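Think of it as A, B and C in the order they're written, each chain with its own count starting at 1.
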Amino acid sequence: MPVSERRLLIRVGLFLAVAAGLLLLGVWKNTSLIARNWGLLAALILLAALVFLYLGFERRAVSAREIGVTAVLGAVAAAGRVAFAAIPGMQPATFVVIVAGFVFGPRTGFMVGATAAVISNFFLGQGPWTPCQMFAWGLAGITAGWLGILKPRVGRTEMVLFSFAWGYLFGWIMNLWFWAAFVRPLNWPSFLTTCAASFPFDTLHAAGNVIFTLLLGKTFYRMLMRFKRRMTVSVLPAPAAVPKDSDV
Amino acid sequence: MERLSYEEKGVFLQTLHTGVVLVYLGVLCVLALLFSHPLYLTGIFILGALAVIVSEAVEKWEMYLRMGIWMALLIMIINPLVFRTGKTVLWHGPTVPVLGKLDICLEAICYGAAMGIRLLAVLTVFCLYNAVVHPDKILSLFARYAYKSALVVSLATRMLPAVARDLANAREVQQLRGVDYGSGSLRERVRKHSWLLNIVLSSSLERALQVAEAMQARAFGTGPRSCYRRELRRPRDLLCFTAGILALLFSLLAKFKGYGDYTYYPQMGKLVESSSSVIWLGIILISLSLPVVLSWGWKHCPYLRSKI
Amino acid sequence: MSLFKIQNLTYYYPDRERPALKNINLHVEEGELLLIVGGSGSGKSTLARVLAGLIPDFYGGKIGGRVFFEGRELSEDGRRALSTQAGIVFQDPEKQLVMTAVEAEIAFGLENLGLPQQEMFRRVAEVMSFLNLSPLKNEFTANLSGGQKQKVALASVLVMQPRVLILDEPTSQLDPAAADEFFYLIERLNKEMGYTVVLIEQRLERCFHLADRLVVMERGEILREGPVGEVARWEVENALPFLPPVARFFAFLHAPFIPLTVKEGRRELKKFLPVSPARPPDAGRRASENNNPGPFPLLTMPKGQVKQERAVVEIKNVWFTYPNGREALKGINCRVEKGEFVVIMGENAAGKTTLLKQIVGLLKPGRGSVVVMEKDTRTVSLAELARDVGYLAQNPDDHLFQDTVEKELLFTLNNLSLADDGVIDAVLDKLSIVQHRDANPRDLSSGERQRVALAAVLVARPQLLVLDEPTRGIDYRLKKELGAFLKELAEEGLTVMVVTHDVEFAAEYAGRVIMMFDGMLVCDGPKDRVLGTSMFYAPQMARLFKDFAGGVLTVKEGLAKIRSNGDAKKCLSVNADC
């Protein structure tokens, strides 16, 4: 396992510790302050997670090219949210994030996902949904990145299943905060009910992801791979004098 | 996606230091999540509404409310479905899998309603955020701590209108090549739209290289970086910051003393249990309302304007 | 000592067989303005990137030879030093801004250099006042106009206080007014502030006279460098096109002195042509005598054509207001016949693009009607209209998304349910892109991409071809090829309508010119009447010949005028034939 991956694991571990601490604080009966205040806790955990993930991006040396491509992919994903407004429920943002993560790795994947959420909301309006979207898309990018590391030659079916799953996962992550903040009691039936409410949208989302993966998956993958090769540059010496072209 | 959600209107809250605005809005949001007492929630909601009005963002707020009402309704439906230990059962429903017996009780509906207000309050705070914080200000604030991430967001924000324009242009061009975006099955229509994504992605990747080149030419990544910030600090920042922090402290104190919570289950408690509950709410709201009052005064009183 | 000195520089882009630069030897002197010209693919942009320190750092590839800055070899300096030695402004204003607000954008480079706050404040303030950007301080960079963006890009380079300013076709994406303003700034920077400037440009009418030295490049090599007049003469002898019309005209005449501006040119012309007392027929005056009921003079067709029964485009009293309330078209009346080559000109926001969109059916008139090939755009679907109307967008990349050129053409045919009856071969052949049939359009050069996009439009055999700014950012040779091609199409009976800012292009190839202002047609007629009598939209040759002779728009016509004038012929040896 490369050093950077190990660092990532350490960071994930650290985050889990913080989250566990917060959760303990939540169930500790004597703290009337935030005891059982799951809405606030969930928000805090979400923010902590985002901070940790951003730190991961911040810590490493990033070239101008990487910044550029990350930003552009984020912008494309965000623009996709509007481009398909004519077809309800269909939006390619998740698909773009997944392909980006798959090709460029978990960190870029996270950045693309989180960026897409933030910037589209600069235009559409920020809301409590912004951190949730950042987290959900970010996680989609991360998992796609892991998939890319574990299985670089993933098959079409697997990719389709993966993006299909993310249609629902995205919706469930979005529901989590809503559920924690506004629904009582917090148990499986109530979570399932919340998810049932969003089921039609999530299904459309998942279906959209599948369609996009089938239609564009290969093209996008090839385009990004080709671009990825251009990310590294090497300088070689060349002969200082070149014979003149006879045809000039 | 040509226009930012933010509009420069020259209102008081837009002139505040970004950090102060964030603290104040953060406090509002935390309080909305901290309290569950309907009076407290309503108080915070009304205060947020006043702030929206003095910030001339009512139009934007309507949009948020319209969406919020639907979500609030959803909350009021879900809660009664899953909570059945309330004493006042309004309707004995059938037994369904997963959920068990559907008994709709008054307490759960009321809880749902209170949570609806909480949601509206949170939405109002976010609406306020959109109305008074320029994305660029927030980015330059974060750039101090995480400049690479801030740079990515900044760059992406700048490129989004261009990408959206590319999309619109490509769409027009394809329409003129005979692509009819309105017709066909769902799959067919998605297919037609996905070509646009294809066009835009390849143009955008080129754009990424050119922007990267421009960044490199301007010494990006050549060593330690400094941070350009020109935010002024005025007395109003100190005032509003203090107001926000005070409100938070008062709230925590009240919470410790057991105010601000409300018993919904199994039977609803009295709305006003004690006078001190109302007094605490008053204190919190008064400290929270300072920026709103200053906003109003700033607009109407030139003397005050020159002093803060 | 020279500021820059390049010795035997050779450079290959990664994975390329052909060198982009070959045996380059060049020096840049302190305080001069060096103008580099050449066609696309000549290596001039590559050379700019070498001077800016981007090659090989950013691009990689193979490099040989040496580049010195004030005697030190460039590769010895760190990147931070490089970026303060030379600052570069790129071609496309859209693709070099990074931040969301103007002020932050300007400060970006300084942040990267790690300068202290106080120093940054001062520099940013100075640059913003110098370029008059203060009113835009908090503007969202994405919403600026092209000219403003380019000014911000210039500011963000100037603020780093580079010794040399490198400009890589900085105005190729701007409209003439913004381009003029930009060149004016460059002139001030060079003449008043003493900046050393390396300028790469295609719009030579506006910057030729600013240059101290001229470098001509082709195929990665420097063909010639030297004082402007000398190189200009050499260019004419070698039939190279990189000259503004006035200079080309006098170089053809073998004049002893090559004027670079209209002012100098008129002084020279006075020596052998008398100012003609009879002014050329004035279109405007005649219209007022006509006392037409319409707001504008009725057209008389070029070449004395009689009006045909069936117009290709018939625009009747069209008014249009955008949903945001902007009234973009105000009572447009216009009739375009079969086989016309019409150019629509006018400033930004004059309504040109809106009119174009009305004609192709993307927008429907609010009042009035647009009838194209006897189809009313309000009642006919876009797809149906698309059979008769071809549209080429400003950016050919908006067209292309298929894997091969052939598929791109087939795509259009399939959409319009047309069959390939050999039309693909014919079109590819006509545009001479047959050899790229199986290539991915995205891998081709920008000129080739434009031709592929055009092919994908022409394959449907439209009756009307509409082009939006087709000459933006393309070089002389491609422009010439495109113009000639469009003219040929028009002669074959296809109606061509072009929106452009390019006066010289209109003067050379159009038949009829329409000028728009504030949503109205202010002038419409044969090109020599519209452009010849115009003050600001006149091509350089018309300005040169104003009061000497009418009807001169191009160098060719100018030379013909001289040849027909006995006195002038005596003074000069007119033997050149262009």
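Note that in this section a residue touches a chain if its C-beta (ideal position, glycine included) is under 8 Å from a C-beta of that chain, and two chains touch if they have at least 3 such contacts.
The shown structure was predicted, so the numbers you read here are calculated from the model rather than taken from an experiment.
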When you draw the chains as points and link the ones that touch, which shape shows up: line, ring, star, complete, or other?
complete
Using the stated contact rule, I'd like to know whether A-B or A-C comes out ahead in C-beta pair count.
A-B
Separation of chain B from chain C, taking each centre as the mean of its C-alpha atoms, in whole Å
46
Could you please state the distance in Å, as a whole number, between where the Cα atoms of chain A are centred and where those of chain B are centred?
21
Per the C-alpha means, the centres of chain A and chain C lie apart by a whole-Å value of 42
Shared-interface residues of chain C (touching two or more other chains) are 57-58
Could you list which residues of chain A touch at least two other chains?
64, 230
So which stretches of chain B touch two or more other chains?
3-4, 135, 151, 155, 157, 159-160, 162, 166, 198, 202, 207, 211-213, 215-216, 220-221
Touching chain B in the complex, chain C uses residues 52-54, 57-58, 78-80, 83-84, 87-88, 90, 92, 94-101, 103-104, 107-117, 120-121, 124, 138, 140-143, 153, 156-157, 160, 357, 360-362, 381-383, 386-387, 389-391, 393-395, 397-401, 411-412, 415-416, 442, 456-457, 460
Note which residues of chain A are touching chain B in the complex, please.
32-34, 37, 39-40, 43, 54-55, 57-58, 61-65, 67-76, 78-80, 82-84, 86-87, 90, 92, 96, 111, 115-116, 118-128, 130, 178, 181-185, 187-190, 192-194, 197, 208, 211-212, 215-216, 219-220, 223-224, 227, 230
Touching residues on chain A, where the partner in the complex is chain C
64, 230, 232-242, 244-245, 248
Where on chain C is chain A touching in the complex?
7-12, 14, 19, 22-23, 56-66, 218-219, 221
List the residues on chain B that touch chain C in their complex, please.
2-4, 8, 134-136, 139-140, 151, 154-155, 157-162, 166, 169-170, 172-180, 195, 198-199, 202-203, 207, 210-230
